[in-house]
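By written order: A, B, C and D. Residues from 1 in each chain.
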Amino acid sequence: MLSPDLTVKIAGVVLANPVMPASGCFGYGEEYAPFFDLRRLGAIVVKGTTAEPCAGNPPPRLAETPGGMLNAIGLQNPGAVAAREKISALWQSSVPVIVNVSGHSAAQYRDVIELLDDLAAVAAYEINISCPNVKAGGMAFGTDPAVVAGLVRELRGATKKPLIIKLSPNVTDITAIARAAEEGGADALSLINTLLGMAIDIERRRPVLANLTGGLSGPAIKPVALRMVWQVTSAVEIPVIGMGGISGARDALEFLMAGASAVAIGAANFTNPLVCPETVEGISDYLAEHGFASVKEIVGLAKKEWS
Amino acid sequence: MLSPDLTVKIAGVVLANPVMPASGCFGYGEEYAPFFDLRRLGAIVVKGTTAEPCAGNPPPRLAETPGGMLNAIGLQNPGAVAAREKISALWQSSVPVIVNVSGHSAAQYRDVIELLDDLAAVAAYEINISCPNVKAGGMAFGTDPAVVAGLVRELRGATKKPLIIKLSPNVTDITAIARAAEEGGADALSLINTLLGMAIDIERRRPVLANLTGGLSGPAIKPVALRMVWQVTSAVEIPVIGMGGISGARDALEFLMAGASAVAIGAANFTNPLVCPETVEGISDYLAEHGFASVKEIVGLAKKEWS
Amino acid sequence: MLKLHKLKIIKQELVAPGYQRLTLAGGIAALAGQFVQVRVSETCDPFLRRPISVHHCTEDRLVLLYRTVGRGTALLAAKKAGETLDLLGPLGSSFPLTDRPSAVVVAGGIGAAPLYCLLQALKQAGKQVSFFYGARNQAELLLRDEYRALVANYSEATDDGSAGTRAVVTQLATPAFASLDATVYACGPSPMLREVARLADYYGRSCFVSLEAQLACGVGACLGCVVPVKGQEQYRRVCVDGPVFAAGEVFFC
Amino acid sequence: MLKLHKLKIIKQELVAPGYQRLTLAGGIAALAGQFVQVRVSETCDPFLRRPISVHHCTEDRLVLLYRTVGRGTALLAAKKAGETLDLLGPLGSSFPLTDRPSAVVVAGGIGAAPLYCLLQALKQAGKQVSFFYGARNQAELLLRDEYRALVANYSEATDDGSAGTRAVVTQLATPAFASLDATVYACGPSPMLREVARLADYYGRSCFVSLEAQLACGVGACLGCVVPVKGQEQYRRVCVDGPVFAAGEVFFC
C-alpha cells in the first residue's frame, strides 16, 4: 500500500505534514531536539517574539487544572534581534519556521517583522493578537473586528511573507474576527489561543498566579476549540490551523474533519515530548486504514457528511 | 467548638448553606431524593422550565470530553403547568426552590413567571438567558447588554419574587452583561452556564451531537468560571451564585473566595450523587479548621488579600 | 440512603480476550435487565460513570460481564481483587415476565451479559426457553456452558462459522419466532434488535429489548440518554424508562 | 532519541508513613541534584508530569524517594512492582563539586532525597562531610542509617525533639558554617534555604541550593518555572538553569 500524502499548503507554504508545535510550547525548538528529529514536523512555530527583549510576568506563572493548565508567561522572550540567531539555527533542520509575533501596538508588531523579514529562515508570521497575559492591550486587538482588520492591513504592507492571524477564543463571535482578518489580507488563521481563566489557592487564600489570570490550555479546552474551528472554517475561505487541547492523532483528526487544514499542538508536548511525531504517524495510519490517499481528503469531511 | 454558621442570603432568600444543585442537573429533585435527604441542600434549582412543554433536541445529546461533558438537551421539560406539581412536591422538603426559567422571547419568559407566580413554593426565579442549545435565540439574550437590561426590566415588572439572572460565558466581556442585568433590576446573578463546544466522531466522520454543538460543563471549565466570578463580583454589587466545574468543597471554596456568595454544582452530581451534601460538610470543616465563624467571612477573601 | 454502593472486588477474570467477568461482594437486589453505574476513576478523566448490566446477582454477590472497548472499561479491567468499586444501582427497567409458556431469547455479542440474569429468572418461572446466541466468532461466545446449562434449547451462530451455524443470529432464531407461543427478549447491537423487533412484530410475539445509549447521570435527572418512543410527545430516558423497552415502542419506523 | 525512558518498577517501598522509595530497572546516568519528570497517569488528570529528584542512581538502577502529598504522588505510590514508569531525564543542573576539602550538607524533610546522591559523590571525592538532617519528627527522618553511613558527621534536628536536637536544622548547622572551610549544599523548604543562604553568605562559604517550582515541560521550553536571578534581566528557569543554583543568585533580597 502506498503511504498517504500528508502534505498540506498553508498560506502558500508547503508543509510535509499538517502537524506543528504551537507557539510558546516548543521554545525555539532546541529543547525538544534531543527527543526526536525535528524534520518529522510539518512546521515549527516559535515562541511569541517581541521587538524588544521582554522579561515576562513574575512567578508563579503556572497552575495545573483539571485536564489542562493555566499559564501566565507574559511573553518572556529575548527580543527579535536575539531571536534571529535562534531562528536561523532552527532552519538548519529544513522545516518551515513560523514566527509568532507579539506586541502591544501595531508599531511593535511591525518592528518585529522589520527586524526579521530578511531572514530566509522565516517561512511565515503568526500574528498573535490574542495573548491573554499581556495587560497593555494584546487582548484588545483580538476582540474588535475593525481593529483586527486595520492591524492586518497595516502588517500586510510591511512584508511579502504570509501572515497567519492567531485568534482569541475569548469573544462572543469569533467568526466576525475571522472575517475581519480575512478582509484585512490574512493568508491563514490560527485558532484558538488560550481561554482566560484563573485558580485560587484556598490555603493561602489568594490567586495562584502572580498575574491573577492566565491562559487555559490542554485537553479541557478541546471542545471549545473544535467548535470555533468548525465555525470559522465555515465563515472564511482562507485556511485554518486548528489547535486547543490536541494530544494525539485522534484529536488532530477531529480538527481536520472540522475543517482545519493543519493542526498545532501545545500543552500536550509537556506531557508527551513525542506527541507531535506520534500524531503525524497516527494521522498517516488512519488515512491508510481508511483508504484515503491524501490528508487533504479529510479536511472538513465531517461538514460534508453533515447535511 | 461551635459549628460554623453556613447561612447565606441571596436575593433576599435565606439559605441554610451556600450549596445548591445547578439547573438541569438535578431534575425536579426526585431522582436524587433516594440518595440523601434533600433538606441538606441550601436550595434546589430545578430544570429549565418553559411556558409550553418542550421536547428538546433529538439524540444523541451527550458526549464525554476530557474532564467534562457536552450536553445538548435543548430544554426538554414538561412545561410550566406540569412543573407546578413537581415544584410543589419538592417544596415539601422545606428547601427553597429556585425555578430556572427559559424561553425564546421576553413574552415566553413572562408566561412562565405568570404561570408559576402564585406558588408559595417558588422562592426565586433563575432567568436562563444563556442556554447555548436553543437555536431560536436563547443565546442572543445573553450576549447583548441592552437586550439583557431590557429583558430584566420587563420581567421585574412581572413578579415580586427575586430574579436571579443566569449569564452566558460565551461573551467577550461578561462584566458588561452583568452590569446590564444589575441595572435592569436583577437581585442576583448566576454564572456560568456552559461553554459552547462540540465533538466529532472520527469513525463516523460526523459531529457526535445531533444538535452539532453543545454546552461544555464539568471540571474542565472551572478556571474560566472562576475567572468570570472574580470579574463579575468586582463589577456589580448584587450577590453572585458561582458555578462551573465544582466537584467538591475545595472547588466551592475557590468560588466563595473569588467572591461568590453561594455555589451551584452541575455535572459533578452525575459522577457523585452525594457531591452536594459532601460539599456542604467540606466547607463547614474548612471553616471550623481555619477558625472562621461564618461562611460569609470567606466570601471574596482572596480579593481582600489581593492588593 | 439508597443505591450508592462500595463493593469489594472478589474476582476479576479474563473470560475471553477482551472480556472480563467481575465478581463483587454484596448483593444489590437487581432484576434481570437492570444495570449499575460504575465509577472507573477517582480523577475527572474519564469524567462519567460507565453503565454495566447486572450479569448475575445473588444475596451476597454481584457479577458483571463486560467487554473492554475503551478507556473506561480498560480502567475497570485493571482493578484487582481486594480493591473497592463505587457503583450506583440497581438502575433502570427490567425484563418483564409474561404469561406465555415459553420464551425466545436472542443475544448478540456482549448483549448476552444481562440475559444471563433473565435466563435464570425464566428458568425459575418454569418457562420453556430457547436461547439464540450470536457472536463474531467462537472466542466471543462467552461462558457457553453456563448459558447452555440454563436453557432447554441452546443454539449458536457466528459470523465466521467457528462455532454453531455460520449465520446472523436473527436468521437462526426465525423459526422459533414462527413456531413458539413465546415472549421474545433480546439484547445486542442495534441492527440486530431492529430485526428482532421486526420479526416479533411480524409473528405477533410480544418482545422486549434492552437498549444502549450514552448516559451521564444514569438516574433520570439529566435527560441526556433519550430515545423517541412511539406515540409519545416527550422523549423517554434509556436510564430509567429503559434500558428495557417493549420493542414496538422504540423500533417503530 | 534521548531522555525519554520507560523503566520497569522493581520495588515500591513505604519507608515511613507517607513516604515511598521507588526502585526502577535501568540507569539514566544522572548527576547529584538532577531530577526526572514522571508521568503519573495515562489520562489527562492530573495533566502534568511530576518532578522527582534522583535519590540514587547506578548503572542499572534508578531510585526515587518521595513524599505523597497530593493526587499525583498518590498515583505514583499506587504503582506496583512489574509496572512500567514513563519518565524524562536526567534533567536540570547538578550540585557542583568544588576544591574545598569539606562540605556542609543541610537537608530539610523530603529535601533529603537528592542529597543522598550528593553525599555519595562527596564521599567518592574524598570530602570531609557534615550532614545536618532536619524534619518535623523522628518518623520523617527517612533512611537514617543509610544517610549516616555516608558521612563523617551526622546530626539530626526535629521540631518536636523526637530525635536528635529539638531545633531548626539551620540552627544546629550554624557552628559548622563558622568553623569549617566547606562548601555548603542544601535542599528543603524555602525558608530553610533562605536561612542557609544567609548563613553561608555571612560566613563567606560558597553555597548551592536546590529549588522547587511548579513545572510544566521540565525541559526549558515553556518558561513557566522561572525565578528571578540576581543581576539578570531575564528570569531563569528552575528546570534547566536549576534546580541547583548558587545560593547568592536566587536569595538576594
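In this text, a residue touches a chain if its C-beta (ideal position, glycine included) is under 8 Å from a C-beta of that chain, and two chains touch if they have at least 3 such contacts.
Every value quoted in this text rests on a predicted model; they were computed, and no experiment measured them.
Contact with both chain B and chain D is made by A, C. Set side by side, the interfaces A-C and A-D show unequal numbers of C-beta pairs in contact, with more at A-D.
Distance from the centre of chain A peaks at C, each centre being the average of the chain's Cα atoms. Work out the mean CA point of chain A and of chain C, and you get 46 Å between them. Per-chain Cα centroids separate chain A from chain B by 34 Å. Mean C-alpha positions place chain A and chain D at a centre distance of 36 Å. Between the CA-based centres of chain C and chain D the separation comes to 54 Å, rounded to the whole angstrom. For chain A, the set of residues touching two or more other chains reads 63, 65-68, 218-220.
Contact of a single residue of chain D with at least two other chains is seen at positions 44-46.
Chain contact topology: the protein chains form a complete graph, every chain touching every other one. Chain D contributes residues 41, 43-46, 71 to its touches with chain C in the complex. Chain D contributes residues 44-45 to its touches with chain B in the complex. For chain A in complex with chain C, the residues that touch the partner chain are 66-67, 219.
Residues 1-4, 39, 44-49, 88, 213-228, 233-235, 240 of chain D are the ones touching chain A in the complex. Against chain C, the residues of chain B that register as touching in their complex are 24-27, 31-32, 34-37, 47, 53, 55-56, 58-69, 71, 73, 76, 78, 218-220, 247, 267, 269-274.
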